[in-house]
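One structure, as C-alpha cells, below. Some questions next.
Chains: A, B, C, D, E and F, in written order; residue numbering restarts at 1 for each.
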Amino acid sequence: MMRILVINPNTSIEMTASIDAVAKKYAAADTVLTTLSPAYGPRSIECHYEEQIAGLATIETVAQLEAEYDAFVIACYGDPAVDACREITNKPVIGIGEASMHMACLLGHKFSIVTVIPRAVPIMEDLARKIGLESRCASIRSTSLTVLEIEADPDRAVIEMVAEAKAAIAQDGAEVICLGCAGMGPLDDRVQDAVGVPVLDGTVCAVLLAQSAVAYRKSTSKAAAYAPPGKKELVGCSPVLNRISLNG
Amino acid sequence: MMRILVINPNTSIEMTASIDAVAKKYAAADTVLTTLSPAYGPRSIECHYEEQIAGLATIETVAQLEAEYDAFVIACYGDPAVDACREITNKPVIGIGEASMHMACLLGHKFSIVTVIPRAVPIMEDLARKIGLESRCASIRSTSLTVLEIEADPDRAVIEMVAEAKAAIAQDGAEVICLGCAGMGPLDDRVQDAVGVPVLDGTVCAVLLAQSAVAYRKSTSKAAAYAPPGKKELVGCSPVLNRISLNG
Amino acid sequence: MMRILVINPNTSIEMTASIDAVAKKYAAADTVLTTLSPAYGPRSIECHYEEQIAGLATIETVAQLEAEYDAFVIACYGDPAVDACREITNKPVIGIGEASMHMACLLGHKFSIVTVIPRAVPIMEDLARKIGLESRCASIRSTSLTVLEIEADPDRAVIEMVAEAKAAIAQDGAEVICLGCAGMGPLDDRVQDAVGVPVLDGTVCAVLLAQSAVAYRKSTSKAAAYAPPGKKELVGCSPVLNRISLNG
Amino acid sequence: MMRILVINPNTSIEMTASIDAVAKKYAAADTVLTTLSPAYGPRSIECHYEEQIAGLATIETVAQLEAEYDAFVIACYGDPAVDACREITNKPVIGIGEASMHMACLLGHKFSIVTVIPRAVPIMEDLARKIGLESRCASIRSTSLTVLEIEADPDRAVIEMVAEAKAAIAQDGAEVICLGCAGMGPLDDRVQDAVGVPVLDGTVCAVLLAQSAVAYRKSTSKAAAYAPPGKKELVGCSPVLNRISLNG
Amino acid sequence: MMRILVINPNTSIEMTASIDAVAKKYAAADTVLTTLSPAYGPRSIECHYEEQIAGLATIETVAQLEAEYDAFVIACYGDPAVDACREITNKPVIGIGEASMHMACLLGHKFSIVTVIPRAVPIMEDLARKIGLESRCASIRSTSLTVLEIEADPDRAVIEMVAEAKAAIAQDGAEVICLGCAGMGPLDDRVQDAVGVPVLDGTVCAVLLAQSAVAYRKSTSKAAAYAPPGKKELVGCSPVLNRISLNG
Amino acid sequence: MMRILVINPNTSIEMTASIDAVAKKYAAADTVLTTLSPAYGPRSIECHYEEQIAGLATIETVAQLEAEYDAFVIACYGDPAVDACREITNKPVIGIGEASMHMACLLGHKFSIVTVIPRAVPIMEDLARKIGLESRCASIRSTSLTVLEIEADPDRAVIEMVAEAKAAIAQDGAEVICLGCAGMGPLDDRVQDAVGVPVLDGTVCAVLLAQSAVAYRKSTSKAAAYAPPGKKELVGCSPVLNRISLNG
C-alpha cells in the first residue's frame, strides 16, 4: 500500500475533483490517492505571477502533509514549485509537465503539447528546455480557451484540442499528444479517439511515475540541487515555513 | 494482471537469471514477468557489431511472442532494436537505457552513467543524444570491466563502480547514477549505499515504466516512426520475419 | 531624471545597504536609485524553496510600488520572480543574473560564474540555459561560503572567489567573471585586480541595463509571455495581490 | 588503383545496378568499383525493422569481402550498420547519409533532405542529430513514393522530388538538396536542372569521400567507438560472424 | 563626459547622418557621440564579401581614432570586424547586432529580426548562433528591399517591415522585433506603433550598452580571444595597420 | 585534369612551400595544384585582426585568378573569407578547418583540434559551432607555439602536439586529431605515428574534398548565402574589387 498526494495548485474545487477522478481511474489498486487544493491562491494558473502564488501555496501544502504520504504529484502543467518541494521532503515529487513529456518519449518519436490560451506557450517552451526534451518536442500549440473555460465547456474544448492535435500530427511531426493543462485530463480519451495517436494526461503520468519511484524505493537525490534548505531565519512567514527554515 | 516480457538480448543465461531476479524484486504483485534470451547471438554486448546481431535476435523474439505479452522490455543499456520492435507490435516496448535516464530526471538535477569498458562510452553518448537528455547527463564514466567480468566478479565491480560514481558526483555534478549495463542491476543497492545518491538499474526502471504504460492503456504511436513495416518480399530470412514482411 | 527601484529579495538589511552602495557608485547622475528588501522572507536565498518565498515577497513589493518607479531591478542572482514581475508592470524589470551574463558577452568570448555554496550551481545552470547563453558560459564555480558568510567575512570571500576565478580563466576558458550573488557585488574590484579580467557585479549591470531601457523608452512586451494576469478570483491572498488579480 | 565496394543493403537487384551506374559515372578513373547486394534481406529499406535485417546482412557482406577492398560504401540513406562495419575492418566505411550531409555543408549554408514516404523522416532526423549537423539541416521532406515506386516510376518521382526541393528552398532556407534514398541517385541531374541548386546523391558523395580517405591513407580510428569486437562466443550464428567474434 | 564613436562601416554618407540622428536621440546628455564612415568601402553591406571590405575599413578607422574615444559602436547588423576591433583597443567595442539581441532578451521571451533582402538571412542566422542566443530568436525575416532602397523609400520600407514584424509575432512567437539593418533605425517608432511590441534599433542599443560599459569602467577582456595581435611583419599594408602589427 | 588553387592566406613563403608539398603528396595524379600567398598581409595568422587583413587579401587573390582554376582551397585553419570567396565564384571554395572536421567525422566518433597558441582556441570554438559539428568536437587544445615557431622548430612542435593529442585521446574522448594550423601539415605522419589514431592535415582534406566536388561537377549554391554580390559602388578600393562590385 502506498499513499500519494496529488496537489492541484489552484483553488478550483471542481477541477480538483475531476483531477482526482482521472488519477484514480489509472492508479494501482493498492495506491491510496488523495487530491486536494491549497488553502489559498488563484482559481486557475495561466501565468508566471499565478504560478508564484500557487507555488508557495503548494510548498506549504507539502510541508504540512509531508509525513502522511509516500510521494507527491503537482498537478499543474507548468510544474510550479516542483524543485522547491523536492528540497523539503526526501520523498519523490513529480510534476505533471515533466511526467507527460518523459512518458511521451517512450511511445513516439516526438510529442506536441496542446494547451490553453496562447500566453501559456512560452511557459511550456521554457519547461521543455529545462527538462531537456526540447529536441523531442515537435511543437507547443494553444487553443482559445482558459483553464476555467475548459472546465466549463468540455465539448468546445475537445473540438479545439482535436483540431490542434491533428495539426501537430500532420504539420509538426507529433506522434504523441501531451495535454498541457491538468483540467484537460478528463478529455484524454475523447481526443485520443479523434486523433489516433496516444494522448497523455500529465496527472495520470505523474501518478504512475510516482508509483514507480516508490515501488523502486527511490527518494529524491540530496546531492546538491535538492538538498534541504539551510537553517536560517525567516521574517514574517507562516509557522509551517518557519519550521522548515529554522530547522534547516 | 499484466504480462511483461523482459528480453536479455545476449545469450548469457546466468545474466538472464540475475536480470529476472532484480526485475521481479520491484515489479507489481499482479505483474507476471518473464525473462529470457534470444535463441542466438553473442554472450555479451559491448559494441555496435554485437548490438546488430543481438538486435535482430531480439526482434525475432518479440515477433514470436508478441501475442503473449502486454509489454516488452529490452534489457541491454544501448537499447538495441527498440525502435524496430516498436514497429512490429502495438504494445509498449521500453529500452533500459532510456528508462533509467527518464527516471533519473525525476530524482535529481543531472545524472551520470557508470558503465563497462571504455568502448561503450561513445554508444551511450549517442544514446543520450538520441533520447534528447544530453543536457541532463553530467557524464558517462567507464570501468575496466567487461559485461562478463561484472557477472563473474561482482565485488571487484562494486569497487570500480563506486569509485566512478563518487567521481561523477564530486567532479561532474551528477545527482543520480544510472547503471550502464543490465548485468550491473543486482549491484544497485550496494553502490547506492556507498555513494548516497539514488542508483538506478535500467531493467527495474523499464519494467516500472512498462507497467505504467500498460496501466494507462497506452500503446506505441503508429503515426510515422513506428508504423508497421510495409508489405514486401524478404529474401533468405526466417519464417517469423517473413511473416511480418509479407503481411506488412 | 529616472527612478529605479532595486529590490534585494532577501531580508538581510546589511546586504540591502551594501547593494545600494555599489549600485549608486555606477548609476547615472540623474538616476534616483532606491534599494529595499521585502517585508517578509528569508535572510538569504540559496535554494529553490527560498527563491519561492522571496519571489512572492518581491512580487508584492513591485505591486505596491509600481507607480513610483520607472524600472525595477531584482538583486538576487537566481532572478527570482523576474518573469512574474514583468507581468504586473509595463516598466522594465531586470534580473541581475541575466544582466551580468548579457553584459559579459560584450566584453569577452566566454564568461564563468563564481558563486556561493555548491548547491547554488544547478540553479545557475538552469538560469544560463533559460536565458539561452549556455554556450557562452565556460563554467559555474562555487565557493564554500554561504551568502551571509560572504557578508560577514569579505576577506575570506575574496580569497576563495579569486581562486575560483583564476581556475575558471586558466582551465575553463573564461574571459569574464560574473559574481553569482548580489552580496558579492562590493568585492568586484578586489577580485578584478587579482585576476586581470573584467569582473561583473550583476546589480550594477542590471541598473545600467534598466537605465538603458528607460532611456530608449522601451517597456516590457505584452505580446504573450508577460501579458497582464487574467482577471480572476484569488483565495486567501493579500490585498495587493487581490487588486492585481481582480482587475486583471 | 583502389578498390571500393559499394553495398546496396537491400536485395533489389535493379536498384543495385542503377546505384552502380551512377557511382561509376563520377568515380576516379583508377578506382575499381564493385556494387552488390547482400545474400538476404528486404527488397527495400524504409523502417527500423528493415534496417536491422539489412544491417546484419551488410555486416556479413563486409566481413566476407573485407580483404578484397580498400574502402566500403553503404548505400542506404539511413546509414544502417555503418558503425558496426567500422568495427570489423580498419578500412574506411562511409554511409551515404553522412556523406551527402558533409558534402552539402561545403556547397551551401543549409541543406534539406528530400526522401521517400513520410515514415522515413524520423529516421533521418535521428541521423542528422547523430552526425551532428542538425543545425545545418533546413528540413527533411518526404514524398508519397516508396523506394520501389521511385525505381518503377522515375518520372513521377522527379515531379514530387522537384516540388519538395523547391519548397525546401523557398520556405525552409535550403541551399543544397540531398537525395534521401540511394534509389533516387540516377535522378540527381533532373532534379538539379529543375531547382537550380546543387542536388547530391549520397552514393556519389560516399564514393568520392571513400576515395579521399584512401588517397590520404587514413583508416578508421580504433581508439574506442570502432575498436574491434572483443573475443567472445556467439551462439547460433553464421560462420563469418563466428570467425569475427571468436578471434576478437 | 564620455566620447563614443559610432562607425557606419559602409560609405553611404546619408545613412551615416541618419544613424547619427537616431543615436543622438537616445544617448545620455553627457555623451559626446560622433558618427562617421570609413574612407573606403562599399556603399552598403549585404553580403560576406562586402563585410570583409567594410570590416577592414572599420578596423583602420578604429585604429586611427582609438585614442580619442571611450568606446566604439560598429553600426552594421552583421557585426563586421567586431572581434578584430576588440583586439586593437582595450575600450569596449559593441556591434549593433549583438546589442539589439541582448537588449531584446530583457524585454520579451523571444525576438525576431526583420532585415533587408533574403540573402542577409543566413548571415544573421550565423550571428545569432555565434552570440549564443539562437534559442531566443523566434525567426529572421527578410523584406524585398536593399539597404539603399530602405534609405531611399522609407514609406515602402515601413509597409514591408510592419508586415514581416506582424507575421513574426503572430506565427513565430516573437515578442520583440530587432531591426536588422542600421539603415532601418529611424523607422523604429513607426514600426513599433504599428505592431505593438518593442522594436529595437541596434545602433541605439549599442550606444546605450557602450555607455553602460564605460560607466562601469569595464574594458574588453584580454585573456585570450581579444588579446592584442602578436608583433609581426605585415607586407604591403597601410601605415596604420603596420603600426599595430609591428608593435604587437 | 583539374586545376586547384591552394591559397595560403599569410605571406610566409616558406610555409606556402611546405603547404604545397604536403598537398601535392596526396592530390590525384591528374590534379594540377598551385599554391601561393596573397600579395599583401601578415606573415602569420593567429587572431581576428590578422584574419581580416588576410581575408581581404585572399578575396583579391581568388578574384584575380578565378577563371584559371576549377576549385579553391583556403589554407588557414580559421577559414578566413571562405564565405566571401564563395560569393565571387561559382566554383567550390573549401576551407581547411571545415574540411578536416568533416573528414574526421568519417573516421571516428569524435575529434579534437590541436592548434597553436591559446588565443587561437576561441576562434576554433566559434568555427566548430558555425560549421555545426560542435557535438562531434571533443576538445580544442593549444600548444605554446606560434605559427612561425612551428615552422622554425618542427621537432619541438611535434613534442607538444603529441602531448596534447595524447591528452585529447585519453581525457577528452578524441578518436581523430585535426591539426589546427596549415603549418602543422607536414607533421601529420609524425604525430600520427606517436598517437595511434588518424591525424588529419586540413589542407590535404580540403584538396581531396575540392577534387570530390569538381569530380561530381558541383558548384557553390547561389540560392542565398553565396549569391553574387549586388551591383554597387565601391569607394577607394582596388581595381579587382571594383570590377566585382560594379558588375554585381
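Things worth noting here:
Definition applied: a contact is a pair of C-beta atoms (placed from the backbone, for glycine too) under 8 Å apart; a residue touches a chain by one contact, two chains touch by 3 or more.
On a predicted model such as this, the values are computed, not experimentally measured, just so you know.
Listed by label, the chains that touch chain B and also chain C are A, F.
Least step count on the touch graph, chain C to chain D: 2. The minimum number of touch steps separating chain A from chain F is 2. Among the other chains, the CA centroid farthest from that of chain F is the one of A. Matching the C-alpha atoms of chain D with those of chain E calls for a turn of 120 degrees, to the nearest 5.
The distance from the centre of chain A to the centre of chain E, with each centre set as the mean of the Cα atoms, comes to 43 Å.
Taking each chain's centre as the mean of its C-alpha atoms, chain C lies 27 Å from chain E. Annotation for chain C: residues touching 2 or more other chains are 109, 121-122, 126, 129, 135, 173, 175, 224-226. Pairs of chains meeting the touch criterion: A-B, A-C, A-D, A-E, B-C, B-D, B-F, C-E, C-F, D-E, D-F, E-F. Note for the complex: chain A touches chain C at residues 11, 39-44, 46-53, 55-56, 59, 81, 83-84, 86-88, 118-119, 121-123, 126, 129-130, 146, 148, 224-227, 229-230, 232-237, 241, 244-245. The residues of chain F lying in touch with chain C in their complex are 121-122, 125-126, 129. The part of chain D that touches chain E in the complex is made up of residues 109-110, 135, 173, 175. Those residues of chain C lying in contact with chain E across their complex are 26, 28-30, 92, 94, 98-99, 102-103, 105-109, 131-136, 169, 173-176, 196-198, 200, 204-205, 208-209, 211-213, 215-226.
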